[in-house]
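There are two complexes below, and they share chain A, which is joined by chain B in the first and by chain C in the second.
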Partner chain A sequence: MILYLLRRLFLLVFVFIALSILAFSLGYLFPGNTLQNFTGMTDISAELATQLTAEYRLDSGYIQQYIAYLQRIFSGDWGLSFASKQPLLQEIKILLPATLELAAYALLVSFFVGIPLGIIAAIKPEGIVSRIISALAIAGYSIPIFWWALLLIMLFSIGLGWLPTAGRIGVLYEIPHVTGFMLADILLANSQHQAEALLNALRHTLLPTLVLATFPTTVMVRFTRDSMLDVWEQSYIKTARAKGLNRAQVLYRHALRNALLPVIRQIGLQFSTLITLAMITEVIFSWPGIGRWLIDSIYQRNYPAIQAGLLVISTLVISVNMLTEILHTLFNPLARKR
Partner chain B sequence: MARFRLLPDEQQARSPLLLLWREFARQHSAMSGLVLFILFFLLALLSPLLTPHDPYLQNDALLLIAPSWSEQGLVQYPFGTDDLGRDMFSRMLVGARYTFGIALITVVGALLIGLLLGVLAGMSKGVKSSALNHVLDLALTIPSLLLAIIIVAILGPGLINTLWAIMLALLPQFVHSIRNAIAEQLNQDYVTAYRLDGASNWQVLTRLILPNIWERLTVTATMALSTAILDIAALGFLGLGAQAPTAEWGAIIADSLDLIYVAPAGVALPGLLIFTAVLSVNLVGDGLRNAMKKRREN
Partner chain C sequence: MNVSFSQIIQSAPRRRFLPLLMATVVSACQPQLPETVRSGLVYCSEGSPESFNPQLVTSGTTIDAISQQLYDRLLDIDPQSGELKPLLATQWQVNDSGTVYEFTLRPDVQFHQTEYFSPSRAFNSDDVVFTFNRIMDKSHPFHYQGGGNYPFFQSVDWANLVERVIAVNSTTVRFELSRPDSSFLSNLATDFAAILSAEYGAAVLAQGQPGRIDSHPVGTGPFRFKEYQKDVLIRYYRHKTYWRELAKPEQLVFDIVPNNARRMAKLFTHECDVVAFPRVAELGLISQRPDVDVQESTSMNVGFWAFNTAKPPFDNAKVRLALAMAINREAILQAVYFGYATAANSVLPPTSWAYNAELPQLPFDQTQAKALLAEAGYANGFSMDIWAMPVQRLYNPNALKMAEMMQADLAQIGVRATIVSYEWNSFRRKLSNNEHDSVLIGWSADNADPDNFFRPLLSCSAAQTGTNRANWCDANFDRLISQALLTSDQKQRRSYYMAAQQYLAEQMPLLSIAHSQRFQALNSDISGIDINPYGGISLATAVKDVK
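Then we have the complex of A and B:
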């Protein structure tokens, strides 16, 4: 196990180095002035330019420049945003939690809805309930998320007027930024309108979560169902049945535990898709997260922001990937041997 | 007394492909998916011949005509016209070329490159193989939309530029699945037997491995195709992919979005088409997977 962890760690370091090289090379690949792309400053005077060139080592070779770039990344100097002239790291610290919050709720929904539905669908694979669940799952799997979001907005916000269409919370409420997670921040803030604020934030969260959760939930349903059916064929299930355990006991003690193992792995594999979908959801619901910020950045040709966004989002996805894989190996001794 | 049989049952004597088709045709959902898929494919090929009007012709006498099923609609314009007087029906038909056709090209491209890299990774051992894997792991972790944003930032927006982004985003899953399939095949006894007969790597690859993995590749390709259609539409919708006059379905939705109260059909119809296209691909993919499973069981 320790050897396995060491190998993973080595891989992680390798991947991060490759990622930082990619992010660094973007400063050259993006159109425009390389110095501007790295610093994020648009009008640089001549003496400042010479000073910055020395500081960023743009006059020396690529290797030195890359090392200087790494030093800047680790010391927290990520450059400025073209659009707002604010330090990028500061902006990302405010934006990233909003995205994480949305993605976390969607993942939670997909667990608590997707896995039970998948198990139900696997109990009687040819039954009518199972067929309905599978049909819903394949429909949810195929629907374009932006269109689905628009349909729900048309129905719940404009048609019925039940839910708000944009933002994380009504503009009347002022919640201090502590953790960045809106619901946690409301609970931390000791205001007299806490209950109303919480309700308002929940109403804002409901529709984006529903939209974003659709894809992971259907993936969970399909995957849990397939995995259950697969496990149900194994000989240890037959042995357990032969020993006289009833269906529920076999399901709980043998089938479920083995069937859910690959599902853990699936979270890591689907996480990058989830982030893509979260970015689209954020644009439609004006959710102030990193996805909307990145897509705005491309409209504004805000190259330093895209570079920083690549670093942050990829680091996030790589970490989640690695974490789920390690968890999977921890729970599944069979996977360690390879 | 057990009878000696030179030939197996008639059922088993059929070719694997025929068996697969029989299992596939038994599933109604898969067959309807296949019919829809063929329809979309033909549409992507032939749509310029089928359009009743020029999809890009702006007619200011006929702005925002309602679809023909409403009272104000015209029979010549089944889906009505948009705010520039362009025929929606023709635009929908031509859209199949962009959304569905380009997605198909993307997947075929990714499949070919993936086959090359997957074979290299699967047949080689040691450093070369593991280095290739790790680079791919990196590519796998960059979300496809982020990859598209980076490529658009470098090359500028456009349908062809996003095609590269989507191809790059699809590539890792192809290489992974091909590499795993090859690794599985290399462990089979018949590969060892063939090698003992003196077969070279190339012969093992072309005569044994490729015929044995192409079915699994088809399933991976259908999954990739559904992702590709959704990605192309999403990028068109965000304004990063197909640009304004192009009749790509996602771009049409983005165009019609500000008129959603006046002409909801402009948003509803292209969305429905994307949904149907992806659904047909997924139904075919699921049907194939099920058929392969059933054939193995029999």
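Then we have the complex of A and C:
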């Protein structure tokens, strides 16, 4: 097992090196001045330029430059944003939790809705319930997310007036930024109006979560269903049934554990799609996350921000991928052998 | 395995979660909101401010967000009558030659107490001197902070007009001018002439962070600055020791929503209490909703069609008159302004005190226009360009559509018009070079003084600096408007401006089309907000009705 973990870790490091080389080379590939792309400063005086060139090792070979780049990444000096002139790492630290929070809620919803629905659909594959669930899953899988979001806004926000359309919390609530996770920050804020603020934040979270959860939920439903049907055909299930266990016991003790294994792996594979969809959701609901920021940066030709944003998001996706892979292996001794 | 039901209920996680859940559910029914939220006001604005110092900016978006909320000026303009009222100056005297103004300042006016600054003294004459010296004194420590550009003050030639600002004593300030200028007091009342704190200036200088004076503002206005997140929001709190009646909202948030449709959606969901600049085309939709009101006010602006009078055939007044007569302005008012504008008969809006009500209406008469063209020697018409500005402005919400309608009108009198448009920056650059035949553009006033409509638009000096879109330099007209400035007798000034408007109607260097209204949409439980025709909005008096 330790050997396996080391192997994975080695792969992770290798992928990260590849990603950082890509991010580093963007400094050259983007139009404009390389020094500006790396530092994020737009007005660089001549003397500052010489000083920075030396600091960034731009006068030496690419290898030295790349090493200097890596050193800066690890020491937290990510350069400035063209648009706001703020340190990029600082901005990302504020924005990333918002995206993670949204993605986490969506994943939770997809677990707690998608997996039970998938199991129900698998119990009687030809039954009417199963067909309805499958039909809904196909519909949810194919609906364009931005259209779905707009439909929900039209209905629940503008039509019925129940839910807000934008942001993480009503702007009148002043919640100090501590962890970046809104619900945690509200609980930490320790004001006497916690309950109101919490309710307000939940109301803001509802629609974006629903929209973002749609796609992973349908994936969960389909995978759980297929995997259950697969497992249900296995001989050990027949054995268990023959032993006299009832349907529920077999389902819980034997079928579910085995059926959910490929589902865990699926989370990792779907995570990149989830992040992409989160960007769209963030734009539609003005959710102040890293996806919206990255898209804005692309519009503004904010090259240092694009560079840093790409590095962060791809590292995140790769890490989550690796993590689910390891979890999958942990739960499935068979996979370790391979 | 003998676990009783009550033990399960009392198990720790649930005990902590239940009250919270209950509170959440209960509070949904009973509004027990904190004061800062309950009486807080959300104003959804269309863009981020460029700075928090009104001296440095001209954009209406910035002025709306900062000027009247954070600062006070020496004088105020009464929105109804357009007359000057005391604000931080309680009274003022002018010497006989009109070159020395002495202001008595209001005592016991407090600056904001914020997280980054605690004032040790009340407002006095040092603050006034500090504020205005920053604009004109190149050795002032803050003069070059933020680029050294003071666009409004440069446009009224402030540096040459004001020779000195002197603190006579702590409550008296004297302005010495190089020449009389009857628009001087009006300029002091504009939103740009906000009073800064000299003590705060010294403090940020001592900290070695002079830039903070414009990014972390301290003023005497009804609200104090709390936080600003670029492109997200601006948060203000009530200034608790404000010298006038305290601001009604405890908290004021400017929610920055550049997208028109999104701003509208936020109004309907009551995430915004007040929305700036709803699209004119959507006003019908808004007025159908019972929970939302629309406010309007005639704003001091004019949309016009300017001819390049230096280019033939537009150097001939007859041609200009003929073209003007051929345009169906009534149809334009309906199609472009959706009826939400007043037909213009002069560059001055009818609400100005110098408006010439006796000016004859310019007829819409294409036969007479043809006759005039023939008289001028263009019986068979000619070809010309109409430049239509590519952006939407209050005074002209859709210049391209307007140009298309005019194109059709002009075809009736045999003039073949081509519509030209460029990207906004190159459009303005090419206009300043006078490359156009004619252009659809307009002007929004900064203050109530009529001079603001004449000198920057049609004077010879404006033609030199490239802001005179008609490229018109006429000695008679220039004499009229400069004489009007030299006297402070309003009756006499009015007679000069009346004559100037009469002269413009005959010469027609530009055809005034409309004075458009300014709109804002707000939730019907908000009251106490008026649109100020002369400048930024003030939200200190806004009251939210809590049901």
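Here is the rule we use: the second predicted complex is superposed on the first by the 338 of 338 C-alpha atoms of A that agree within 3 Å, B and C clash if a C-alpha of one lies under 4 Å from a C-alpha of the other, contacts with A are read in each partner's own complex, and residues count from 1 in each chain.
We adopt the following convention: a residue touches a chain if its C-beta (ideal position, glycine included) is under 8 Å from a C-beta of that chain, and two chains touch if they have at least 3 such contacts.
Because the structure is a prediction, the values reported are computed rather than measured.
After superposition onto chain A, partners chain B and chain C are found to sit side by side with no clash.
In the superposition on chain A, A:Asn332 makes contact with neither chain B nor chain C.
When both complexes are overlaid on chain A, the residue A:Gly170 reaches chain C alone and has no touch with chain B.
Contact comparison for chain A: of chain B and chain C, B touches the greater number of residues.
Once the two complexes are overlaid on the shared chain, A:Leu199 sits against chain C while remaining clear of chain B.
After overlaying the two complexes on the shared chain, residue contacts for A:Thr276 are found with chain B alone; chain C is out of touch. Residue contacts after overlaying the shared chain place A:Ser20 against neither chain B nor chain C.
Of the two partner chains placed by superposition, A:Thr34 touches none, neither chain B nor chain C. Following the chain A superposition, chain B and chain C show a smallest Cα-Cα distance of 5 angstrom. Within chain A, not a single residue is touched by chain B in the first complex and by chain C in the second.
Listed in rising order, the residues of chain C touching chain A in the complex are 20, 23-24, 27-28, 32-34, 36-37, 40, 42, 226-227, 230-233, 235, 251, 253, 255, 257, 262, 265-266, 268-271. Within the complex formed with chain B, the chain A residues making contact are 11, 14-15, 18-19, 22, 26, 29-31, 135, 138-139, 141-147, 150-151, 154, 272-273, 275-276, 279-280, 283, 291, 294-295, 297-299, 301, 303, 306, 309-310, 313-314, 317-318, 321.
Contacts from chain B toward chain A in the complex involve residues 29, 134-135, 137-138, 140-146, 149-150, 152-154, 226, 230, 233-234, 237-240, 250, 253, 257, 260, 264, 267, 271, 274-275, 278-279, 281-283, 286.
The touching residues of chain A, counted against chain C in their complex, run 83-84, 153, 157-158, 161, 163-167, 170-174, 191-193, 195-196, 198-199, 202, 286, 288, 296.
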